[in-house]
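Written out below as structure tokens is the structure these notes cover.
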Amino acid sequence: MSEVVRTTDGAATRSARRTNWARGFYRFRQNPLSVIGLVIVALLLLLALFGEYIAPYPEHLNGEVNVANRFQPPSAEFWFGTNEVGQDIFSLVLAGARISLLSGIAVIVLATLIGTFIGVIAGYFGTWLDEILMRFTDLILTLPALILAMAIAAGLGPSIPNMILALALAWWPGFARMARGEVLSSKAELYVLAARAQGAGNTRILTRHILPNITSPIIVKMSLDVGFAILAVASLGFIGIGVRPPTPEWGVMLSISRSNLPHFWWTAIFPGLAIFLSVLSFNFMGDGLRDVFDPRARR
Amino acid sequence: MSLLEINGLRLAMRSFDGETEVLRGVDLTVGENAIAGVVGETGSGKSLTGLSISRLVPTPPGRYLGGTIRFDGQDLMTASEDEMRRLRGRQIGMIFQDPTTNLNPAFRISTQMIDIAMNVAKSDPELIGAHARASRRARRAAARQRCVDLLGQVGIPDPQTRIDAYPHTFSGGMRQRVLIAMALIGQPRLLIADEPTTALDVSVQAQVLELMSSFVRERDLTMIFITHNIGVVAQLCTDVSVMNAGRVVESGNVRKVLKNPDDSYTKELLSAVMTRDTPRPTRNRAVAGAVT
Amino acid sequence: MTILQVENLTKRYVTSGGYFDRKGETITALDDVSFEVRRGESIGIVGESGSGKSTLSRIILGLEMPDSGRIVFDGTDLSTLSKRELRAIRARIQVVFQDPYASLNPRMSVRDLIAEPMEIHRDILGMSNAQITDRVAELLTLVRMEEDHMHRYPHEFSGGQRQRIGIARALACKPQLVVLDEPTSALDVSVQAQVLALLIGLQDELNLTYLFISHDLAVVRYLCQSAILIRKGKLVENAPIDDLFDAPKSDYGRMLIGAMPDIDPDKSPFRVKSQA
């Protein structure tokens, strides 16, 4: 067969894929909340990448203070007001998106990798390996995640990478259990039996047949969990073992603002809103993804 | 006199590829005490017709474009959801194909059946033979007795004890019998059975068909039997409607339609059915041996 | 000439009794089953659910090991083979499953689906990717589909087309024996007739031997030269197809033939009773 034919082959496969994407986006669009979630998530991600460049007072991000302007209420000059050392809260919230979002995403990516690996091994190979791995998973699951993360962070010392690692180590069991369950049901599918009947080995069955079919629920869970991971990052910042001041982070900002309440409400309300909005938008987006991957779950 | 009359029913389903008309003017008349077969292949609209009668097609994605469904004189297309809920189970019963997915595996048969019985007894206490003002305990006992009787009638051996078993302890045929008993609790006048024997072995299928046919004969019951299996229609039904691409292409007495079909699609469908008399293909080689 | 000999096959399962009741029950799925299949023939294996016919096909496909008995394929006793040799034999025994919706991985393109057995047995076949793609195109033509269908995904096809894809996949490695596990029972009657005609054509063209597992006696009669009946793990009848229909020797055979729904309304057992 000629090369020319093969290039058109590629194009045909691509157009088939494109139809699948279009079909998926159609299902996503059916729920307006999902679209709102997706838009906000996209905006937040843009902020996380470029927030510090569009901040009106970039110098405040490096810890510069302006005591003369402390506790200014929201105005045209300072959209979200200023804090106890006269820094522009709008600039801090913009810059805080980076740490909150990226740490939240990093926590979930890491947790997914660990959890999926353990869950897939346990589910696929079963028997004693399954028992050992899942009992260990249950053990971790019985420890309250935040307290475990606090202990790990305290042991390793407070830094952003340590915080991410600590949260991921507390977070993976959920993914492990889910991956195991998905593998168990996927393993029983007829097409897996068909592959075995053709003589396929474990590696092939895992990589070609099982993993591609369990990615959708994992992606949905990731999206839903990122919201809560952002919350966890903020919580650790709030209690002072995650991100340390003066690094701008929403949890830390909330924590400091406690002593300014109720009079200087804007110091708390805007970082709080930022956390609220990101948790909510990731959840909305996750719901939309679920519609795309498993249309039977709704409607 | 006809119990059910469907005229020009049109239903569209919305999806990514746009809206498609899946029922394109269905006409169906079912006389009292008839066993009306509805046959058709995948996508013919036979199941959606059945679901439309009890108004169980979700809208959206479904959208009715027109037509009427008259049940005992009442127009179901304009009935409110409340009225429909009263009709379902009491006047119109349904049995679906897969007996494994229609029984909740987490509850005993008794729990599931008595629940239905107590519910129908709210509108008609006669059904369980206990007075509406009797104590809840007395009504439950009566409901249980009614369910045990029904299980006995559909041929479940030892119903008194089997009623307390969980669904997974029943075989496929027995589960289907349980579902039939459940559909009969409210003494519906019309029973819509959607492929109720498709998942069963032929010998079990024969027993279930016999059961259904005797019920229709002995009770004041009318049945719509939706299936792709023409053999089953021939055995069980008094009338048959053949559906293709969202329309009824031919309907009438089962003998007339199956023996002297007028419609070309009906003829085609009948000729495709494999029976013990279907001529076998001639093979190019006589039994091949030493080739290769 | 015999291509497959099944000798005294027995398989038992022990059901796990759960945590509190450790003693499980023993279920005999196959009890001393023996039969032979001649090359180029179709043999029907008929039984109802739980009869053991699925277990039999799984053992022949090498997906499960029998407790006792042996399978001789083309003169080789499969139990004497090493894992490697067994894998090579697998290429020559292929299967088409009943459910064309569940037996094709929804995330693989038709090309990848049909190519898979050739990729698995690449060491024996020695085919390059381009050769495999060419062979996929050839196979699609063989099952009366278009070469372009290669780039689509299973969900874009009807049940009958999917079953053709399943057949193309089974034929990829040029097998001698094909196990057909109820290949048409999930299909509409009109489609069923087409798929059966295709199977018969392919059998003539490629000199295939079919092991046709079914509960539908009418279809077995149409396709097969002989049939065995299995009930509760035991072989109850093994006869040429016409003998089975004209004079079934076992009660089970008589019952199965009697229960076949006839499309003539006048032959209905219920109707006769109701008129009487």
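We just call them A, B and C in the order they show up, numbering each chain from 1.
As a convention for this text, contacts are C-beta pairs under 8 Å (C-beta built on N, C-alpha and C of every residue); 3 or more make two chains touch, one makes a residue touch a chain.
Remember, predicted model here, so these are calculated numbers, not experimental data.
Visitor: Any chance you could check whether B-C or A-B wins on number of contacting C-beta pairs?
Guide: Answer to which pair has more contacts is B-C.
Visitor: With centres defined by CA atoms only, which chain is the most remote from subunit C?
Guide: Ranked by distance of C-alpha centres from subunit C, the top chain is A.
Visitor: How many angstrom lie between the CA centroids of subunit A and subunit B, rounded to a whole number?
Guide: 47
Visitor: Could you please state the distance in Å, as a whole number, between where the Cα atoms of subunit B are centred and where those of subunit C are centred?
Guide: Here subunit B and subunit C have centroids separated by 31 Å.
Visitor: Using the touch definition up top, name the residues of subunit B that touch subunit A in the complex.
Guide: Listed in rising order, the residues are 16, 58, 60-61.
Visitor: Write out the stretch or stretches of subunit A touching subunit C in their complex.
Guide: Touch list, subunit A to subunit C: 1, 6, 9, 12-13, 16, 20, 189-191, 193-201, 204, 208-209, 212-213.
Visitor: Name, in rising order, each residue of subunit C that touches subunit A in their complex.
Guide: 61-63, 87, 90-91, 94-95, 97, 99, 102-109, 111, 116-117, 120-121, 130, 133-134, 137, 148, 150-153, 156, 166, 169
Visitor: Along subunit B, where are the residues that touch subunit C in the complex?
Guide: Touch list, subunit B to subunit C: 41-42, 172, 201-206, 209-210, 213-214, 217, 228-232, 234-236, 254-255, 258-259, 268-270, 272-276, 278, 280-281, 283-285, 287-292.
Visitor: Within their complex, state which residues of subunit A touch subunit B.
Guide: It comes out as residues 22-23, 26-27, 299.
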